[in-house]
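Have a look at the structure below before the remarks.
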């Protein structure tokens, strides 16, 4: 099968959905010029024209709000946030407006909106270019939150997100952009709300998101022979595929959640909460959450590496979970 | 002892700290005119003058950022957000700027800033005037988060927050504004990071925040005789007084967390995570979190009441926790 | 400027009176506890909503504000369901989910109010964007007041609308106050028209208490917008007569409000129409009676409408697919 | 306009050359992997940073941008520790925590760059507020470029600064581009000066490639600011010679960049000083040598400086009480 980059998969999904549905358009900074600064929108303006691929001034509140208003009146916008950090300058439009309007209208208005945001760490871009907002958007009623870790999922989930009737936050990992993987041609979707076991195992469930999925898989390899690790990627963080998480935990009786974002009040906390609520008696050892240290992400690689969970930290955390009961 | 309103307690704290420290000033919409729309700043402009009590245009990004810049250059601002919901239009200044700057500077800059925000539900103000952001700010490295439930705590915590060297989010409950309680005169503080047992009990620990503390106390009264409920108010949500939570849970062996905010990725999730991490073996039954339903807060009182946890929901949740093991 | 047809003048008057009496009812019902939440009365500004909204087609979209009863009535005419919404009922315009600040009637182009000052302006550009995208001659209207011009969204949207020549009419109701802050304490330059022009948006100032002046200016602007001539701004000078909001006491200098009495938009227009011989005293009586009866029905409708049932209400965030 | 003292002209030249050569080094080091992260070079704009910052006192505060190496050098002179910071080292200006976009040297009034376009403008008002609050004649400077004028913060701050007469100098480096977007695709009205005036801020346009013109305009503005005459804006027309950022390819029309060569701020000023007989060829050689040696030392200092130790680094959010 052909191999393509994660970022090519995102690009393909947009090509296909824009061809399929005339109401879909892309809006964001530089998306029309040379395919955008990360080249995610390559070829779109040439194919669909300047009407449907709209480069904007650096006015995130205005163009996010414009997109929300366009969604309210019949279009299906894809908004690109160059870095998810910049969502902060448009947070009112993203939350107070886009997330609430459909409900506040008593269901009389629909707001199908995809906000694509690039995020990630490990590239020394410091605190204001290394943020994670998945937990904020999960906390906010009104959003679905998608976080693909493979090119296959990136394509299939983005197509589903674009067809969804609700605001969807779609998070793209900057480091994964140039990961190359097998992605079949043709028409298929990955439905929102379905997790996938990326590696089967018997001793412990590691729920991991984004780039941490790959780190967890490496950790699982290192532990192989000693500990049989199951790696589960929720892919959609909200709505969470809780049945998949529970059935894995019921099998392994142990849980570690790994993410690159800070832990306090996060997705990791939430998974732990749900698992203990639903499967307390099935747990052998206390579950653990592993994420970034509670500091803004530092610039220096020496510090950044230490602040973000690495493969060896996951290995240690797995061992810590399993030893807890001893 | 004299009784004063929760909002009077906040007002007194500002009076005292502004008298004590010339660098402290108050900034926000209408704070100088007639004491602000909720009268929290009554008497301040008359006493300290227009230089130190600054009514602003409706430009939250500008005045929050101005306050952050003033803090970086030697002052100690108190920012009033008329409703915490409006933090969304200033989120970049609150998070990317105020929360990160001290760390990004390698500690070369300090940023002592208090952001006072009014929040609450139960007054039919609908989704855009009923938000809760404590979980977002706990999730964000750089903030302390304070949420008093009594007039005494409101005063003592605000004084500590104003003296703190870091950004502090100080959350004021709109419904509690007119609760009257005993508050001694004279100089005293409630330190940040210290929880308080508001009612001692043996059977279950209910960790509750803000107005939910009062609901939990009512629920405890209703359950008295059948279940002996301990109600613990963390008062500061970040840094959390985890030792106090753990010692209560170790005593009661059971945990319910109650808040008026949505549960997913929230403070409640976080408390559950920490407790199971540290005291898994001490728990008799699986802990539970109770909060708002995962919808924007509806306008109609008939709906709002159903969406926000009420006393009877807390009673039911306590029973549910204790029956789980049965 | 073309003069306005008589039947349109009568329509304008009908809406002016309807909104005024509606708001007076709301005030009473609010103090009785039958209406709850944050209520921002529109009294004194009726000529703006009526003059602008009656120059529009149903399909044109309006994005309103926290002070939106007037816009909602003038655009949709759904007095009964608006009243029911303010009362939190299931047959309310937003099924009780939105309340006073969130009135939606999409079939009539009413796309909701907003609880966030300046929050609706970007959305209003979205309505214009959709029209332009679809090659329709629909236009979109964004209402806001003098306080909102200090929100960053306003400036961002001026530039974006001008850059993309969006068919959006931005209507600034300069009512002299933002909550308790008078306009001279919120802006260094009082003139909103000048700001708009600096961003490339054609702008005009109009007497916001003169419904004919507003209607004529809006009609001209709307015609230009339909011909893709780019965005327009109307600054309507007016006055907020009531306190900012139900719960907030008003502490304006005594006598200030009275100074505006001669500019009351309803009396002003009534006086003019009577002077022109366009209506008689008995027309006026009949109109007041019609409005009173309609509002009686509206209050009754609201009071009879069931509360939304939390058991039926799905409590769900996501629209079904 | 008074003419500039010779020793000041020499100082301006020294900083121009220092920043230019610094940036050329950074470019090489970045491609060698010795400098990491998002690096935005200042080449072509040196006259702005130098002209503005050299008109200031140490105690005046500067709030910079993502493209801030020039401001940092011109304000603080801390070339060695800036280089160490870009290399992520413990002796860097921000102890390795900030990097290129977050350079802090509070004793010299350097209050950090910013990763958020338009994000530093409100902070710069804060510096001015503190000065005004303390009754000091310090002033504050906020730098930003043509892209940032479309952020809401810019407009909010124009109004607030004008309303409160804050001693802030807003410096717009109009370098024709925001990332790959040319200014005519981001603004309907190219003129930033006009926007400022519409908000009540006195504004002036200046040739941003002429260090003397910038210095003179800044000096005059600063003098007015010290006398509490209210905020000022300088729009400096200039050109970003390098691609937007290290990682982003540049796709400008061939030949466009070359058109700006005759306006190169360093050559322009060198040519003028030589023409005036203010410096000789050998002065220039000596200057280049001095700069080269200083940068050699800076690179060496950076390379030798230890990495910050994550074990020592407290990993803590909160400043100790």
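To keep things simple, chains are lettered A, B, C and D as they appear, and every chain counts its residues starting from 1.
One rule holds for everything that comes next: a contact is a pair of C-beta atoms (placed from the backbone, for glycine too) under 8 Å apart; a residue touches a chain by one contact, two chains touch by 3 or more.
Computed from a prediction, not measured in an experiment: that's the story for all the values here.
Peer 1: In terms of CA centroid distance, which chain is the most far removed from chain A?
Peer 2: C
Peer 1: So how far apart, in whole Å, are chain B and chain D when each is placed at the average of its C-alpha atoms?
Peer 2: From the centre of chain B to the centre of chain D is 40 Å.
Peer 1: Any idea how many Å lie between the Cα centroids of chain B and chain C?
Peer 2: Centre-to-centre distance between chain B and chain C: 36 Å.
Peer 1: Taking each chain's centre as the mean of its CA atoms, how far is chain A from chain B in angstrom?
Peer 2: 30
Peer 1: Note the residues in chain A that touch 2 or more other chains, in rising order.
Peer 2: Correct list: 57, 59, 61-62, 85, 88-89, 92, 96, 103-104, 126-128, 141-142, 293-296, 298-299.
Peer 1: Can you list the residues of chain C that touch 2 or more other chains?
Peer 2: Counting only residues that touch two or more other chains, chain C contributes 92, 94, 96-98, 102, 114-116, 119, 150-153, 156, 159-160, 163, 185-187, 317.
Peer 1: If every chain is a node and every touching pair an edge, decide which shape results: line, ring, star, complete or other.
Peer 2: Per interface graph, the chains form a complete graph.
Peer 1: Inside the complex, what are the residues of chain A that reach chain D?
Peer 2: My answer: residues 29-30, 33-34, 37, 55, 57-62, 85-86, 88-89, 123-129, 293-296, 298-303, 305-307.
Peer 1: Inside the complex, what are the residues of chain A that reach chain C?
Peer 2: 25, 51-52, 54, 56-57, 59, 61-75, 92-93, 96-97, 101-110, 141-144, 164-166, 239
Peer 1: Please name which positions on chain D make contact with chain B in the complex.
Peer 2: 61, 63, 92-98, 102, 104-106, 111-112, 114-116, 119, 121-127, 129-131, 133-134, 140, 152-153, 156-157, 159-160, 163-164, 317-321
Peer 1: Provide the residue numbers of chain C that touch chain B in the complex, in ascending order.
Peer 2: 36-38, 85, 88-89, 92, 94, 96-102, 114-119, 147-148, 150-153, 178-181, 185-187, 244-245, 248-249, 251, 307-310, 313, 315-317
Peer 1: Can you list the chain B residues touching chain A in their complex?
Peer 2: It is residues 61, 85, 88-89, 91-92, 95-96, 99-100, 103-104, 126-128, 131, 135-136, 138-142, 238, 262-270, 272-273, 276-277, 280-281, 283, 285-289, 293-296, 298-299, 324 of chain B that touch chain A.
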